[in-house]
Amino acid sequence: MNPRLHHKCLLTIICEGEIERPLLAALQRIGVRGHTITEARGQGEHGDRDALWPSSANIRIEVLCDSNVADAALSALESEYFANYGLIAFVSDVGVLRTQKF
Amino acid sequence: MNPRLHHKCLLTIICEGEIERPLLAALQRIGVRGHTITEARGQGEHGDRDALWPSSANIRIEVLCDSNVADAALSALESEYFANYGLIAFVSDVGVLRTQKF
Amino acid sequence: MNPRLHHKCLLTIICEGEIERPLLAALQRIGVRGHTITEARGQGEHGDRDALWPSSANIRIEVLCDSNVADAALSALESEYFANYGLIAFVSDVGVLRTQKF
Amino acid sequence: MPFEPVILFFLLGLFAGIIRSDLKIPAVLYDSLSIFLLLAIGIKGGIELARHSLAALAGPALAILAAAALIPLIAFVVLYRLGRLARADAASLAAHYGSVSVVTFAVAASFLSRNEIAYDGYMVVFLVLLEFPALLLGVVLARGGGSQTRWGPMLREVLGGKSIVLLIGGLLIGWLAGADGIKPLDRLFLDLFKGVLAFFLLEMGLVVASRLGDLRKAGAFLIGFGMAMPLAAATIGLLVGQFLDFSVGSSVLLATLFASASYIAAPAAMRIAIPEANPALSIGAALGVTFPFNLLLGIPLYHDMAERLNGVFQ
Amino acid sequence: MPFEPVILFFLLGLFAGIIRSDLKIPAVLYDSLSIFLLLAIGIKGGIELARHSLAALAGPALAILAAAALIPLIAFVVLYRLGRLARADAASLAAHYGSVSVVTFAVAASFLSRNEIAYDGYMVVFLVLLEFPALLLGVVLARGGGSQTRWGPMLREVLGGKSIVLLIGGLLIGWLAGADGIKPLDRLFLDLFKGVLAFFLLEMGLVVASRLGDLRKAGAFLIGFGMAMPLAAATIGLLVGQFLDFSVGSSVLLATLFASASYIAAPAAMRIAIPEANPALSIGAALGVTFPFNLLLGIPLYHDMAERLNGVFQ
Amino acid sequence: MPFEPVILFFLLGLFAGIIRSDLKIPAVLYDSLSIFLLLAIGIKGGIELARHSLAALAGPALAILAAAALIPLIAFVVLYRLGRLARADAASLAAHYGSVSVVTFAVAASFLSRNEIAYDGYMVVFLVLLEFPALLLGVVLARGGGSQTRWGPMLREVLGGKSIVLLIGGLLIGWLAGADGIKPLDRLFLDLFKGVLAFFLLEMGLVVASRLGDLRKAGAFLIGFGMAMPLAAATIGLLVGQFLDFSVGSSVLLATLFASASYIAAPAAMRIAIPEANPALSIGAALGVTFPFNLLLGIPLYHDMAERLNGVFQ
């Protein structure tokens, strides 16, 4: 990777669209400063989420942040959301130019 | 990366929307247990895919899985889809908490 | 990662939808050969981008390319777009089968 | 009893879904049509409301609210005790059945018009009133009197829900503007209503087909519940209608409201308020069983029952 | 011959696309409008069908199906032998031209109404019947008699395709409910039909503009084919119409069906069934050449031809 | 002065947005409805235009264009000198206020019809003419006479913008097809116009609510500007109307055009042409202040002023 790039964490959460509000509020409490959402559909343990109507639609949330924020977010997801909601979360390493922005 | 995280593969496929069904069926035969789809448009060797109508729309499929499943999926794409369809596929390393889920 | 895979860069840009055209033109001048776009919304320094109407919608652009192309694209973004537009960009390492395609 | 053609659209959607046709109605169209239907129903109700004294409706409203509170309570006891469902699931289902389905109401109104049976336009007010109390009751039932519930966000979620906002907003617009003020909008909100309802039912057919898989998870008990509960609730509704001296048409609408289960407001609110409840059960029962049951069998049956009851008491 | 105003919307879309305007009609609106058009055409046809004996249509249907089978065969031979296209491409193009374009049919019907030329409402039945046999024929031609085709998924894809489901579903709804049952839906499905068609043509103009680039790939031979083939097919259609004693209006509709190339059902089915075929060729020809050709020149021409032919045989 | 019911839809949307209801109108519906409104307004204007000589409109058009050029100039001086805004911001705001809001125009026309005040249908031509010159002027003001502007892409962006394309396209369609040719489309484009406008205003209410946060960034000066500027511009419009001997209705429409600020064409064009300008300021003022101001207070006020002015000069 380009040496000008700073390492950051990209946390991706794919979950039921109906929990968007509380989930974003939880992320904000943890210290996340930005996020991006795309509409999604899919399949998993909780069956077919075909996005035919609001109750079967998913969203895909991306958060670019420091690794400690990503860890805190994962822990919050684990304790509050994993058990009851259709939701997956994964993190990957990415490089950015403006480290102070995220 | 956080030591609690388990390594997994994220396979991303961007392809013509019209082949969604057979492609998902092929992935399922390979052993994929979940997927996420977002609607997409784009450009590549096969020209402009502007999503103005169904025949020019793309989809973006993500599959979180073990690396051997990702390899099998890539091989299937290579032998059955690369030649005839507008399609790209790439894999990256990601970390997850629940390794048994994927 | 599978030894058959070739290393490439995945550059992701999330920005105001209204600059799609000039941004894609700039990427093309740099030598990018393909891209994928999904519609997005989000939040960041420039406030709430809720996609309720065209002026508050984001797009998410992905470009799979060689690392030098990604660097050139990042530099172009830095000099021409960072200051005036709501926009984030990050790169990650991915593996592909067809190295000559990107 | 002549059959109601809009139901054919529901059956077409159901069929297309079951044969796994590639017919997919975009989610955005679902949203758009449901916004239209909620607004239009509200506006129609508001125009009618302007012709009545609000005070005169207060008495019936209270009686209806009190009787309606029975439904989630009965549902909860049946599901929790008899059906041995988890407390959260029983409570969430109770909330769904205590609340109402706007589309089922619209189909019942359309059934009455088609059979030239008069009903009071202000029934929409009861539709609005019945939408949310059961949701709060469901949360109380789930918590078992525990005090953990964060009522603030819950109330905001429910009262700011799009169905409440559009129905009440429509009521107010119709009430303030009156029939004359709305006239230039009639071409959209009145004339197209039935066609849009047909289109929406096509979509509902597809949605129901995609939820049939949930029925397996729900099991036989819940499928039975999904048919018995509307019958019991409709009976309560008819008796209340009789008690309030409602016309046959208005009684059928009230019975339909009682018999119907919510699948717009309730699923969204329950997902947040009772996270432990499995939505496959409530949606499987409410949408997979009760919605088609009411459309295909329930409404004509409630009409039949209303006619008989009317005969008995006259 | 007075010109048909809905065509102006097509030209506006085409122009906006060519100057690369930022006018973009959302894909979801495309889907929604096409669902509307397919359903509405089906319903109208079904209402008409209820007035005729199905048995009386069986004979003409067979004759039409037999004659229509010529079109993909001719197309295939011309493209494969004369045009030296790859077998898969020739077969896929043959399937597109053998199937039909619902929107072209609607514009022809609208052209006839505008010029007060009567036609039989049950022509929609032939539209439905002609939609899919050519797709199967295309697959056979591609395989060259080889036995590799997985017919099961292919048939499911074709028969579960949204155009078939909506057209047949609409036919059944119109047939079962009859003109009276549909009346409350007329405000949507009949009154708005022409306006929605205009809107859809605006969108089609944008789509066609975006496909003009494909024409370069297609080359001069295919561009010529895209105009000669509809002329030939329309001639066959007119002769069949004459043979079946169709009115001028019905003959024009049959000719238009024969002349039109599918761009809803065919592209989707061919992409799965004949993966080796290059969709830029078939879509470039069917949508980039034949669709505008039929709209702007073909339909009035077929009408002219039908009038003359009628004169000759009388 | 009877109030205009479509405004209630705007207030409902505003309220829903402010209480953070989950009512969200899909962006696609926003796009679809705005395409509809632009086309319909164009078509109506085109039909009227066909009844007048284009030559007779040239004189008024020139006078209106000249007077309208004052608006961005005044706005720029006020914002740059008095408000001490950055040059880019002042220029971008000047462009927004110099251009026009199609929806505000439609509400004014609807206000006039409701109050049975006649106006000339060809006013739409001025709507079209006023849409883009101010955008070019804004760029010149931003550059301060510098020569850096890439006019080519800028002009293409502006002239290929969807509002221009649809308005001019609609004008041409209406003009070419005439009232008779459009008649089959009236069910969609005329009858539904008011209802669609109401629906769109509901959506605009939600959008405005989401932009209220920008007002804080804009500050008190800009909020004041957002109300004083339309008053000044409307006054110019009324004087021009008087000078051109316009009827009261036409004068009100011209005043509304002058008073309104663009939020379709301008934001998109300015984002590209003047990147340094902060869109929160221009959108906060144009959409957060001026749009509701014109809807709720401005239009009836301009009518009042027009009546008085008419009295004075008679």
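The chains carry the letters A, B, C, D, E and F, assigned in the order they are written, with residues numbered from 1 in each.
Everything below uses one rule, namely that a contact is a pair of C-beta atoms (placed from the backbone, for glycine too) under 8 Å apart; a residue touches a chain by one contact, two chains touch by 3 or more.
Only a predicted model underlies this, so the values are computations on that prediction, with no experimental measurement involved.
S.K.: What chains touch chain D and also chain E?
M.R.: Chains touching both chain D and chain E: F.
S.K.: Could you classify the chain E-chain F contact as same or different, where same means more than half of all interface residue numbers appear on both copies?
M.R.: Different-residue interface.
S.K.: With chain centres defined as mean CA positions, report which chain is farthest from chain C.
M.R.: D
S.K.: Looking at B-E and A-B, which one has the bigger number of contacting C-beta pairs?
M.R.: Of the two interfaces, B-E and A-B, more C-beta pairs touch across A-B.
S.K.: Roughly how many whole angstrom separate the Cα centroids of chain A and chain D?
M.R.: 34
S.K.: Distance from the CA centroid of chain B to that of chain C, rounded to the nearest Å?
M.R.: Distance between chain centres, rounded to whole Å: 19 Å.
S.K.: Averaging over Cα atoms per chain, report the distance between chain C and chain D in Å.
M.R.: 46
S.K.: Could you put a whole-Å number on the gap between the CA centroids of chain A and chain F?
M.R.: 40
S.K.: Please set out, as single numbers or ranges, the residues of chain D touching at least two other chains.
M.R.: 22, 24-25, 28, 31, 157, 192, 268
S.K.: Which residue numbers or ranges of chain A touch two or more of the other chains?
M.R.: Residues 21, 38-39, 92-93 of chain A each touch two or more of the other chains.
S.K.: Please give all chain pairs that are in touch with each other.
M.R.: Pairs of chains that touch one another: A-B, A-C, A-D, B-C, B-E, C-F, D-E, D-F, E-F.
S.K.: Under the definition above, what is the set of chain B residues touching chain A in their complex?
M.R.: Against chain A, the touching part of chain B is residues 1-2, 4-5, 8, 10, 33-39, 62, 64, 92-98, 101-102.
S.K.: Under the stated contact criterion, what part of chain A meets chain D in this complex?
M.R.: Residues 16, 18-19, 21-22, 39, 46-48, 50-57, 83-85 of chain A touch chain D in their complex.
S.K.: Which residues of chain D touch chain E in their complex?
M.R.: For chain D paired with chain E, touching residues are 5-6, 8-9, 12, 15-16, 19-26, 28-29, 110, 113-114, 191-192, 194-196, 198-199, 202.
S.K.: Quick one: which bits of chain F touch chain E in the complex? Just the residue numbers, please.
M.R.: 28, 31-32, 35-36, 39, 156-157, 160-162, 165-166, 169, 172-173, 176-177, 181-182, 184-189, 192, 268
S.K.: Which of the residues in chain A end up touching chain B in this complex?
M.R.: Interface residues on the chain A side: 12, 14, 38-45, 58, 60, 67, 70-71, 74, 78, 82, 88-93.
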